[in-house]
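Below you'll find the structures, each written out as structure tokens.
Next, two complexes with chain A in common: one pairs it with chain B, the other with chain C.
Now for the complex of A and B:
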């Protein structure tokens, strides 16, 4: 088993990545690069690893699919996070490239009195483009077009269902290698 | 006006060094995760584990914790107290972050990337990329009408805000107009009723579709919430009693500005009264432009 290195400057790197993340989520579907990337881990893109180093710790349960033991050991070593047995019990749900996405409407969506108790998805995709949907909502000055390669065909239809139960619902962070786009539940999309 | 960045190690003995930004990394991560949920559900109050800070509740502990969770070396920090950069609360919080984070500070609104505020929004229009951090004493707009947190949570869950409309209606019945002049309740993204913190209602229109990100922190009440950029923020009102901000018949005695928020001050022992801008940076800019 081999442990990989984490952030070179844990305090600064986490802060700078968090600011990019905060901007990404408050200006949804407007992609931005993460400013500092740690080394990628077997089975995970560098951007995904950066988000986990930035957000996860011993208070957080993360669901990961089957990944090499090195990857899990490294993540546990650097963050102290616990691994969730099922996506239904997770705070963060990581979907690496090519892995199946669980049905969005089955995931923790918060409670009417505590909508913040909802899962956050970290989904690895291919390159971002502008072909799939027209999006609007808080943080979007004028309706904008967005798309991402590699998302399941029915993803945007599922997203409409997710948005329809606002203020409940899951939030998603789309990761195209080192570039991220935020997709909070407040965003409504129209296909085509 | 702008103090340059100086690394904390340069002016502090090693024995007195704190983690960057005072808070430990676990606390910052907890705050950061809560902030992301707050942005995802604009106006909803997210509970967080408020920490003991080196100043008492009521002096901006909520705002300071949010600032500490987002601040970085590249930031330029401005802190205002009732619009002024030079009052006790503002000076001390600015000095606190210059010391524990070593960041550059400024009093010029357009130079700042991060603005912590107690009860004003600057007159200079905010820009994309800026973050406002509000110090909030009471995050629950319904608290004076319903004391129970269990009940107010239900009211928010059911979007049942009739109580607040009744309160505003009682103002009209008693005074002929809505007498609430600060902490004027707003609907955020047409879903959550929120407190804009005790800013004068003069500042409420600046919240609507602002290009800046607004973060609100209440340390004693352990709640934080957010208004993302370009979000609809509507001040509650009635069709026949539309929302109206304050206005003055006077202009600022120092700069002559007639469109800024004015404070009434006693100028001498004889009780001579003056109206001056509450936003000291705006007032200085106006005077410099006039010269």
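Now for the complex of A and C:
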């Protein structure tokens, strides 16, 4: 088992990425590049690793699919995160390229008293484009066209169901290598 | 002293177990390294250090606070004794990972320990390093402790109670 290097400047790099992440969530579905990327890990894209180094710490449970032991050990080493046994017990759910996405309506969506106790999905996709849906909601001035390669066919239909549960529901971060797009539960989408 | 050793134990259990070396052996050398003077370690270790470009830093030295726990009488209930400043660093040399944790705020000391830890795990470097670095440091440590306990023993005061009356 071998540990890999993380951010070159752990504090500064995580803060810069966190800023970009806040902007990505306040301007949903407007892709932006993460300012600093750590080396990618076996089975995970650099952007996903950057988000985990930025967001995870010892108070956070992350669900990851089967990944090489190196990857898990490195993530634990740099963040101290706990690994959740199932997506239902996770704060963050990571879906690397080519892995199945669990049904959105089965994931923790928060409670009426604590809507913040919902899961956040980190989904690796192919390149972003503008062909799948028309999105609207807070942070989107005029209806915005968006799409991402590699998402399951019924993802946007599931997303609309997720949006209908607002203020409950999951949030998602789409990662296309080093570029991210925020998809908070407040975003409503119309297919076509 | 005991607390810093327990820290390593905690750390090794949490992150990774050494592949080849058994835990108590590694704990011993990490304990000796952490309790020795940084200057002495620098002097003894510098001829053995690999060139800096062969060492990859997984974690640059960073300082934080660690809560030290104690037990009343050594066996009673746990209590928080207090926080202590600890500096840690981790490096990889070849495919070996070295961790250095040391009380205090000296980044160079933690970096030296991490490199020594990685080198000591290499079977071909281990015997030479034990003889040249760890044993002399352990001897110095033992001498320092004996001196301290002798000085303490010399200041011991015996109290007598005179038998009165009869």
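Here, the second predicted complex is superposed on the first by the 192 of 192 C-alpha atoms of A that agree within 3 Å, B and C clash if a C-alpha of one lies under 4 Å from a C-alpha of the other, contacts with A are read in each partner's own complex, and residues count from 1 in each chain.
To be clear about the criterion, a contact is a pair of C-beta atoms (placed from the backbone, for glycine too) under 8 Å apart; a residue touches a chain by one contact, two chains touch by 3 or more.
Computed from a predicted structure; not experimentally measured.
A.B. asks: Looking at A:12 after the superposition, I want to know if it touches chain B, chain C, both of them or none. Which is it: first, second, both, neither?
C.D. replies: Only chain B is touched by A:12; chain C is not.
A.B. asks: Per the overlay, which chain contacts more chain A residues, chain B or chain C?
C.D. replies: Partner touching more chain A residues in the overlay: B.
A.B. asks: Does chain B (first) or chain C (second) touch A:40, or do both, or does neither?
C.D. replies: A:40: touches no partner chain.
A.B. asks: Of the two partner chains, chain B (first) and chain C (second), which one does A:185 touch, if any: first, second, both, or neither?
C.D. replies: The first partner, chain B, only.
A.B. asks: What is the contact status of A:167 with respect to chain B (first) and chain C (second): first, second, both, or neither?
C.D. replies: first
A.B. asks: For A:116, decide between first (touching chain B), second (touching chain C), both and neither.
C.D. replies: A:116 sits against chain B, while chain C stays out of touch.
A.B. asks: Mind working out whether A:101 is in touch with chain B, chain C, both or neither, as first, second, both or neither?
C.D. replies: Touch partners of A:101: none, neither chain B nor chain C.
A.B. asks: Which chain A residues contact chain B in one complex and chain C in the other?
C.D. replies: Shared contact residues on chain A (touching chain B in one complex, chain C in the other): 10.
A.B. asks: Note which residues of chain A are touching chain C in the complex, please.
C.D. replies: These residues of chain A touch chain C: 1-6, 10, 73, 76-78.
A.B. asks: Quick one: which bits of chain B touch chain A in the complex? Just the residue numbers, please.
C.D. replies: Residues 19-21, 25-26, 28-30, 32-42, 44, 46-47, 69-74, 129, 153-154, 156-158, 189, 191-192, 209, 211, 213, 226-232 of chain B touch chain A in their complex.
A.B. asks: In the complex, go through chain C and note every residue touching chain A.
C.D. replies: Chain C reaches chain A through residues 15-16, 19, 56-60, 62, 90, 92, 95, 97.
A.B. asks: Over in the complex, which chain A residues touch chain B? Could you list them?
C.D. replies: 10-12, 14-16, 18-19, 21-23, 25-27, 54-60, 91, 112-116, 118, 120, 138-141, 166-167, 171, 184-186
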